[in-house]
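Below you'll find the structures, each written out as structure tokens.
Both complexes shown next keep chain A, but they swap its partner, so chain B is in the first and chain C is in the second.
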Partner chain A sequence: MSFVWPWQYSFPPFFTLQPNGETRQKQLSAWCALALAYSQQHRLPAMTVREAQDIPLFANHRLQRKLPLESIQVVLEELRKNGNLEWLDKNKTSFLIMWKRPEEWGKLIYQWVSKNGLTNSVFTLYELVSGDDTENEEFHGLDEATLLRALQALQQEHKAEIITLDDGRGVKFF
Partner chain B sequence: MHRRGVGAGAIARRKLTEAKYKERGTVLAEDQLAQMSRQLETFRTHLQAFASRHKQEIRRSPEFRLHFQHMCAAIGVDPLASGKGFWAELLGVGDFYYELGVQIIEVCLALRHRNGGLITLEELQQQVLKGRGKFAQDVSADDLLRAIRKLKVLGSGFGIIPVGGTVLVQSVPAELSMDHTVLLQLAEKKGFVTVSEIRDSLNWETERAKQALEHLLKEGMAWLDAQAPAEPQFWLPALFSELHAQDGAAGP
Partner chain C sequence: MDRFSWTTGLLELGETLVVQQRGVRLSDGEEKVKFDSGVLLLSTHRLIWRDQKNHECCIAVPLSQIVFIEEQAAGIGKSAKIVVHLHPASSNKEPGPFQSSKYSYIKLSFKEHGQIEFYRRLSEEITQRRWESMPTGQAMQVNKDSQAGRIRAVGIVGIERKLEEKRKETDKNISEAFEDLSKLMEKAKEMVELSKSIANKIKEKQGDITEDETIRFKSYLLSMGIANPVTRETYGSGTEYHMQLAKQLAGILQTPLEEQGGIMSLTEVYCLVNRARGLELLSPEDLVNACKMLEPLKLPLRLRIFDSGVMVIELQSHNEEEMVAAALETVSEKGSLTADEFAKLVGMSVLLAKERLLLAEKMGHLCRDDSVEGLRFYPNLFLTQS
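Now for the complex of A and B:
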């Protein structure tokens, strides 16, 4: 399914952080929604802020407008506040956008586990997101970084435990 | 031997004649009454048929509505002036415009966060028709303007601002002075305006231009584009034609 860009993406001022407070709030909301949708569609991996400047999300070449670095940082901070972004280093140079929050992923995974009567089973991380059994699940193909965060969220709720297996990591569900 | 004129007989005869005339008059009146009554009955039946036939037409056809309005205007009648008007009640004209007014308010409220309370008549028409569904009865620009004028009379904060080839409908109580209105008109052509353009076209001082633009920014009716090649551009979402593109905006 091809990506549907919102009207704002063709609107030149969208790439200028608005001076008016109320308008800026609306603008940031729109940016966050767009970033999440784009991230989902394109399965955006972790990246640096410098790299982010050039992806089509923030740089509209046809329009000859790009969101400046400082403004990208404002958007990223907004995503972080909403639980949809994680900084991967202390200096805030690399980040990962999570279009679903880890808790939301965890919930989906656990739903599948209990629906199929698989509590008290052990899975390798690979099995969980790349195995045949989960082919039709939304979390199929999930990247490892996000998967780990999802499982950590479940771990916090005592619904799972991340364990070390012979050839990597796995998880046990309760 | 008969003799005209006076005498008891004459009087009696006169009385009889008068009585006969009176009776005749009564008979005449009765005749007339009966005839009028029949005519009224026919008239009423025709009127009811006319009303029901045209009620459909009123709801269905913008051309008919316009024609109807012109007819009324020609005889000095405004069917919308009072909801209790004879024709308004009979034909349900008032209902139609009342419902349309409600729809207009709904559309404006729904889009206010996007355009700051300004919308072109075209977009308003498009959105209203969308809201009316697949079997929508047609709504003309004239219909919308009449409904909006009715809303204005009710004091709902609606305004109509002519700009270039079209009309902007304001649905927020924002104070828009002549200066602001003139800026809107200047912006209509390209969807945006710059300080230079304002100075050149309107002969304003820079400060005056900046104040007016500041106000539009504050009201959420204008956005700033700081990356425009020559100088900052001030865009109005209300005039942004790609706002209602059906399949989303063009990509990068």
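Now for the complex of A and C:
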């Protein structure tokens, strides 16, 4: 399935941070939506801000427009505020876009767990995302970093507990 | 100090004042004398000292009595000084405060500074010896043969003397020409003193500022072009002059404004108005102040200041917001426009074109594309689409 760019991506002003407040809000919403869709489609891994400047998301070569560095940072901050981005270091150089928020992942996982009557069971992390049983689930193939955050979110809600097993980590659902 | 003579302090015919300095103390050699606080005046012929408190007490010594002078730098607690070495007093000297003195030099203490300038001037006068070529009414001490009277033009010597005479004349003219400047500097010094004293009084809350001082202060300010420093130049309290000017402007600018689409930048107005006036040009300040009065006086024009700081005059009937709607149409037709392109299309100055586009952006009708290719404006699809 090839990625479908939104109309804004071909609109040159999209790559200039708008001074008008109302306009900027609309622009940033569009950027966030695009970033999430793109990161989902392309399974964007964690990256640095400098690397981000050159990915097709922020650099439209056909249009000859790139979102400038400061504006990229504004977009990233907006994503973070919405819960869709996490900074991986104190200096805010590397980040991870979570096109679904950890809480949303947690909910999906828990739904599957309860639907199949698997509460009170223990799973390894591997089983959860790479096991045969979850092949058709959205969270199948989820990267470990995001999975852990999802499980932490569930832990906060007392629906799960992350435990240490012999050969790695696992989780118990309640 | 026995070289000094009593004097009225009035300058003689042919004698000109070079520089003066307040707060000077005289000393006879190393000894202090009662001439503690006075104004020291340097003329082309003499050094005059007048007591600041008692103006009747005035003494002078001819410059021709001076052998040489030295500077003594200021120290801690000590003012800067000039040491003046003098010839012995001549026998027919006019009576003065001292009959005799064991010193052949005097010291001038500059308690209120000013010695650098004074030293410079005094050196000049001693070098130039203008008193020799400008004989005065008073019987002056002359220690050298001087050629009083006509220069006899005989032979080479005559030619040389003529040249010398010409040189002295030129020198004199130059000094006189700069006299104004010196006078201005004196005035400035006085002003500074006055403002210092007022400041001090205010600080120490010591007595009222005398009416005399207030009048002096105001006259100084007036001569510098500050009409009335007390009123604030706000909309409401403009001066009469600005109000009249505003009415005049309304008359002059009506037609040009209509021709230019109802709006002109203030710089264009400035050029237009001053060109029309020819003489008695307006200062930019006066123009702005007059324009600020346009709206309060309910004249058919008004001053408008955009966010960027650009100032324009527009007709009351002119509605920039409506023009923005028209601008949007123009931009939409062409897809996108820069300020330059827009200006050319509509036939207005680039400055005003840009202001209009910026206003349209502020109102949300347009958005911008800022790249290496320049600044372009597009219809604001962010708000209209999706």
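Criterion: the second predicted complex is superposed on the first by the 174 of 174 C-alpha atoms of A that agree within 3 Å, B and C clash if a C-alpha of one lies under 4 Å from a C-alpha of the other, contacts with A are read in each partner's own complex, and residues count from 1 in each chain.
Heads up, the rule we're going with is that contacts are C-beta pairs under 8 Å (C-beta built on N, C-alpha and C of every residue); 3 or more make two chains touch, one makes a residue touch a chain.
No experiment lies behind these values; they were computed from the predicted model shown.
After superposition on chain A, the partners chain B and chain C collide with one another.
Using the contact criterion defined above for the overlaid structures, shared-chain residue A:S94 touches neither chain B nor chain C, since it reaches no partner. More residues of chain A are touched by B (comparison of chain B with chain C).
In the superposed model, A:V4 lies in contact with chain B only, and not with chain C.
In the superposed model, A:Q152 lies in contact with neither chain B nor chain C.
Shared-chain residue A:A59: touches chain B; no touch with chain C.
Shared contact residues on chain A (touching chain B in one structure, chain C in the other): 7-8, 11-13, 15-16, 18-20, 22-23, 26-27, 64-65. By the touch criterion given at the top, residues 7-8, 11-13, 15-16, 18-20, 22-23, 26-27, 30, 64-65 of chain A touch chain C in their complex.
Contacts from chain B toward chain A in the complex involve residues 113-114, 192, 217-218, 220, 223-228, 233, 235, 237, 240, 242-245, 247-252. Taken in their complex, chain A has these residues touching chain B: 3-16, 18-20, 22-23, 26-27, 56, 59-66. Chain C meets chain A in the complex at residues 336, 361-362, 364, 367-371, 376, 378, 380-383, 385-386.
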